[in-house]
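See structure below.
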Amino acid sequence: MRILVLNPNTTESVTELMIEAGRAVTAAGTELVPMTARLGVPYISTRAEAQIGGAIVLDMIAEAYREVDAVIIAAYGDPGLFGAREMFDLPVIGISEAAMLTACMLGQRFALVALSSAFNGWYRDCVEMHGLMGRCAGIYGLDRSFDSIADVQDDNLEALVALANHAIDAEDAHAMIFAGAPLAGLARKVRDRIPVPIIDPIAAAVKQAEALVALSPRKATRGSFKRPVFKTAIGLPAALSAYMDASHAEPRR
Amino acid sequence: MRILVLNPNTTESVTELMIEAGRAVTAAGTELVPMTARLGVPYISTRAEAQIGGAIVLDMIAEAYREVDAVIIAAYGDPGLFGAREMFDLPVIGISEAAMLTACMLGQRFALVALSSAFNGWYRDCVEMHGLMGRCAGIYGLDRSFDSIADVQDDNLEALVALANHAIDAEDAHAMIFAGAPLAGLARKVRDRIPVPIIDPIAAAVKQAEALVALSPRKATRGSFKRPVFKTAIGLPAALSAYMDASHAEPRR
Amino acid sequence: MRILVLNPNTTESVTELMIEAGRAVTAAGTELVPMTARLGVPYISTRAEAQIGGAIVLDMIAEAYREVDAVIIAAYGDPGLFGAREMFDLPVIGISEAAMLTACMLGQRFALVALSSAFNGWYRDCVEMHGLMGRCAGIYGLDRSFDSIADVQDDNLEALVALANHAIDAEDAHAMIFAGAPLAGLARKVRDRIPVPIIDPIAAAVKQAEALVALSPRKATRGSFKRPVFKTAIGLPAALSAYMDASHAEPRR
Amino acid sequence: MRILVLNPNTTESVTELMIEAGRAVTAAGTELVPMTARLGVPYISTRAEAQIGGAIVLDMIAEAYREVDAVIIAAYGDPGLFGAREMFDLPVIGISEAAMLTACMLGQRFALVALSSAFNGWYRDCVEMHGLMGRCAGIYGLDRSFDSIADVQDDNLEALVALANHAIDAEDAHAMIFAGAPLAGLARKVRDRIPVPIIDPIAAAVKQAEALVALSPRKATRGSFKRPVFKTAIGLPAALSAYMDASHAEPRR
Amino acid sequence: MRILVLNPNTTESVTELMIEAGRAVTAAGTELVPMTARLGVPYISTRAEAQIGGAIVLDMIAEAYREVDAVIIAAYGDPGLFGAREMFDLPVIGISEAAMLTACMLGQRFALVALSSAFNGWYRDCVEMHGLMGRCAGIYGLDRSFDSIADVQDDNLEALVALANHAIDAEDAHAMIFAGAPLAGLARKVRDRIPVPIIDPIAAAVKQAEALVALSPRKATRGSFKRPVFKTAIGLPAALSAYMDASHAEPRR
Amino acid sequence: MRILVLNPNTTESVTELMIEAGRAVTAAGTELVPMTARLGVPYISTRAEAQIGGAIVLDMIAEAYREVDAVIIAAYGDPGLFGAREMFDLPVIGISEAAMLTACMLGQRFALVALSSAFNGWYRDCVEMHGLMGRCAGIYGLDRSFDSIADVQDDNLEALVALANHAIDAEDAHAMIFAGAPLAGLARKVRDRIPVPIIDPIAAAVKQAEALVALSPRKATRGSFKRPVFKTAIGLPAALSAYMDASHAEPRR
């Protein structure tokens, strides 16, 4: 089984970090296929960047979908998720969705901890988009800025552990999610220093992608997630245009 | 006051329809500035198209914002709205948001009636995105397809009136919204045939844009709607790139 | 266009304060018509006073409605709003409703800041009555009492600014509402000292009243906001009685 | 123990009907004290009438509270309830509140059945005001008008039984409430013809009033239900004025 | 009237404490019948213990139901409540349900205060199970462990009073519930030291049981609370087995 | 990896049906270990049976947990789930939870279709227990009774397909769950006859169990899902007693 790990950010080192964290949990026979955006921003962290990045996601899937069995949108906030789920007939999973749904099996209420409190608003939108506000104990972020996302995880490790412990006590959180692609792999490093189960979003997404591929759900042919009849579009990126033009072909499944 | 009526669809005739419906309610001194997308699809009606169209919206605002006092995103579903609101320092209003908030002042529960039940899912997402599910009595759409959006309003007038009347009885709706840009102006035509107040989304948006310009709210400089520090992006459209590059300049307000 | 600014409190100076704040934002041709309660309390601030004041509101509208195009109920908490909306066939807007709906167009979550934390319970009821709890980041009030409402705004200006700033940080509020009629005009004075957009309820209500008059929605003739068939009542105030007695006349619109 | 059965409507025969239905369930030693409004409308059935009636309720309690141990506001929709609860220091219970809370102990979801579907909107407001929408399976009303409320119960008995049975099947309702003061006593008559437990609102209110008197909860002296400091009011009814003037006296409990 | 006070815990002294607190509020003619579990744990305080204890509850009711008119499940968290309500045809009330519903008549929002913050999660589940999260201002527990539940009330009295006062201020709670069977009777002792009304769960449950017996609701014969057709079970406790075997007999009411 | 498929019902043939449906989706190296209740009822379908069955579940896990890596509670409604999750330090997953969370990745709204509408109430409780009411489009059941659960799937296949199709149209459901252990494997058989993706609960649970084992979350040592300090219990089943007695031993993880 081949799973596309689609990083809609342009930072290859974060893709590598996620691939590494993902590989630690793959089943036998699962291959993770990395793909890093060639367009867009180094790190999506605002609503506007998610809007732009989500459109880039659709083009990237259109380019790559034939070669894989499932797609992971590997940026917290799940840019482009619902559009991709509607448009393509293979499983598409967002890392925040996967993290939250998986956390639901470990307690009643999960908390999010992120690199910056500047993301809180956008992350709250994301929890609400998935209808999971009732399961969310709180959203916390560090009060600091960072110059590069390359080393953010190590530079902020102690502060993140402290913030996670604070969130657990303050909110009676039963599970913890380190939110944000640059934190991939952190859950494993600090497992013993945080007194509730921690979900690593990319790891959860890999397992959920494997689950959906094994379950092999059919593509809807009715209702609001059936593949739309595509209209004639102008000026869209090449892969996306080609996919939409070919839309009269038979769906895969 | 100049208000940009930004149609993220490529169909000029729909822009004209909206300008006409909007002009019927403008205050003295308000000028509506039409802008039709040069890229994208003729008529956004799916989550994927809204994802793509929302990114186009950001570029269109970046191109035009200097010349206007407020922006109306003139496609039902409000593509790109929150990103635009975060990114630019002038009022940005979506027509579905404006329609629903205005309808809230005419009763406890509004209903949506649209050209096609195929839009129901995406429109429900939109109601939830605005946190107004508790005020929504129901979402209804015709069970028919249409070839062209040019004449949809007249062709379906009788069916829409009948559906609206049905929705009011079935759901105890107190106000009605004809959802969808191609229905601009319909509210006025059928006013006497529907027993509750009807909101025309573009007309509501024009009035809300005038309201916000008059109230002159400042741009947030803190929290999740302050203007982001833009990162170095690759391959974005020209106007958007230029705006982001110039982001160190002083905010307008 | 003539808009009735109906102050259900007996304090004329607060009516004047609101008229002044409202006039700052009127469109050309809009006239604000002040009306101060001759009966009732100097300042509605409890559920009981709102119950009494709301009944007074209905009588005041019955007295004045023929001379105006819309009515603003100019006390925070919107006493009598839904009854008036049901009973009369012109737009009726509450200042808290107008403030909150307008704030919804400036971010996902608004906060309320008031003169006294004693109002928190009643203001929370008001947010829930409008179905907007999901958009409300928090309700804050000063912990002090005041002798006269004449000078409350200036006397508490520094404390209110500090509390607003605290609320924004504590709750990630995206917009701020200074709740309470005696705070009319404050938003403008402290605009630069609070890092998110501020809504002045009376100013918002004036713009929303103008919007509704321009949109000219019909009166419901069906469902729970149609004009009721009035029963024979005993001992009601003169204007209200006369209105109810005349109820078989043709509705205005 | 003396419980005031305060009918804010002017129809004495409905007061008698309620007293009779209430007496069927009183504990030994409980006396029901009837009081019928001398002002207002024959039968409150709209938001406007509830606004007016709720103010009348406050005056009636001010007149009678010294002679009783608890007050029942005996009109469906609970006009004036929260204001009265705030203002007086004895238990005040609404019949719709009592009916719904009692029904909660008989199943997860109750349904309301009323004389007219015209009340649905106002009754929905009432369910929401009590925060019980999640426990409400549905609100149903007959589609007929009625000339007098004197005989409505008998005239509509068959239709109400049929509607209740329909509601139970359509909504999986676990308990049923016949809503509306003129239906007092109906539950008992049709007990064997409806397959789920039925709550008679006045009967439930009598038992809840007895419960609260026995539990003897103290009056709040803090927060938003403490007795307000009354202001100098103008032109309020006599009893209410006197109560507010005497407000510096010691609270009873 | 005979009301079973069923303590699903094995600690007789807590049963006695509850009987004493209950007797303080019974109506004339009401007899409280104590029953203490012979199996199970000394004090249910976790989800697992509630699962086990709830099954024991069903067997205990099967043993005792013929001799009583109503059943109170006298452990906070209401173990076995919905199953018992479905299975038996007499009123069954949980003490947490009774406390919360009664508190709803004393203000908009109640707070829970318990012996240990370790119960917070399970108590939150309980509030949600009853659909009352919107009425709950907060759940608070002491941060201490205790060796025996015999003396917990006196040992922790000062700390509980302090915590209750803190909760009221922090959350604007309008009513207070001391949650947990070992706190039976505490409400009365500290009535003057807490500035809002306090509900004692067992006392509330006694009054609600009396109310339901007086109202005499019929057992559902339709929908999800009708008495199930029992299947042939293996190895269940004696009384429960016998009840299920006899299930073809006529229901009592 | 060994996953316990714990059927809390006494019907071995249903266990076999589930094992077969589960094996169709296991990853290489996953072994499903069947376990059928020796006590209890043939088929849990009421709240009371779930209460009893959930206690049996805890004993069964106590007997078997040493030999497996994860536990699936294989009865719709998830009896005993939260208690087991709290008590044991290995992943415990319910089949309804797994089905619903997995369905969330295939659309915004899932519908449940079951053998009998008699289960609707209990199934609704289950959706609410998981906080997923906002994602649930509806719950549907056949209106028929059945004598044996052995052949229910084949006997009702046509009716279930018809009901599922009806539910999809009536509710705009995006994914479908055949709820109930006796329907294991049905999803696969009717995949082509239902126009949206179908989730088989046991298959989803197997994949979610594999996911959690791979992710290897730690057991909480703080908050409301840490392993409780067990008290001295009386008369509990043997394995459960032994587990609780041994509770001072070191947790596994």
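Think of it as A, B, C, D, E and F in the order they're written, each chain with its own count starting at 1.
The rule is simple: a residue touches a chain if its C-beta (ideal position, glycine included) is under 8 Å from a C-beta of that chain, and two chains touch if they have at least 3 such contacts.
Note that the structure is a prediction, hence the values are computed from the model and not measured.
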| item | value |
| --- | --- |
| Any chain in contact with subunit B as well as subunit F | A, D |
| Distance from the mean Cα position of subunit E to that of subunit B, given in whole angstrom | 52 |
| Intercentroid distance (Cα basis), subunit F paired with subunit A, Å | 27 |
| For subunit D paired with subunit F, centre-to-centre distance based on mean C-alpha positions, whole Å | 44 |
| Sites on subunit F at which at least two other chains make contact | 82, 85, 108, 120-121, 125, 131, 172, 174, 223-225 |
| Contact graph of the chains (line, ring, star, complete, other) | other |
| Full enumeration of touching chain pairs | A-B, A-C, A-E, A-F, B-C, B-D, B-F, C-D, C-E, D-E, D-F, E-F |
| Residue ranges of subunit F touching subunit E (in the complex, touch as defined) | 10, 38-43, 45-52, 54-55, 57-58, 80, 82-87, 118-122, 125, 128-129, 131, 223-225, 228, 231-236, 240 |
| Subunit A to subunit E touching residues, read off their complex | 108, 172, 174 |
| Residues of subunit C defined as touching subunit B within the complex | 25, 27-29, 82, 85, 91, 93, 97-98, 101-102, 104-108, 130-132, 134-135, 168-169, 172-175, 191-192, 195-200, 203-204, 207-208, 210-212, 214-215, 217-226 |
| Subunit F-touching residues of subunit B, taken from the complex the two chains share | 117, 120-121, 124-125 |
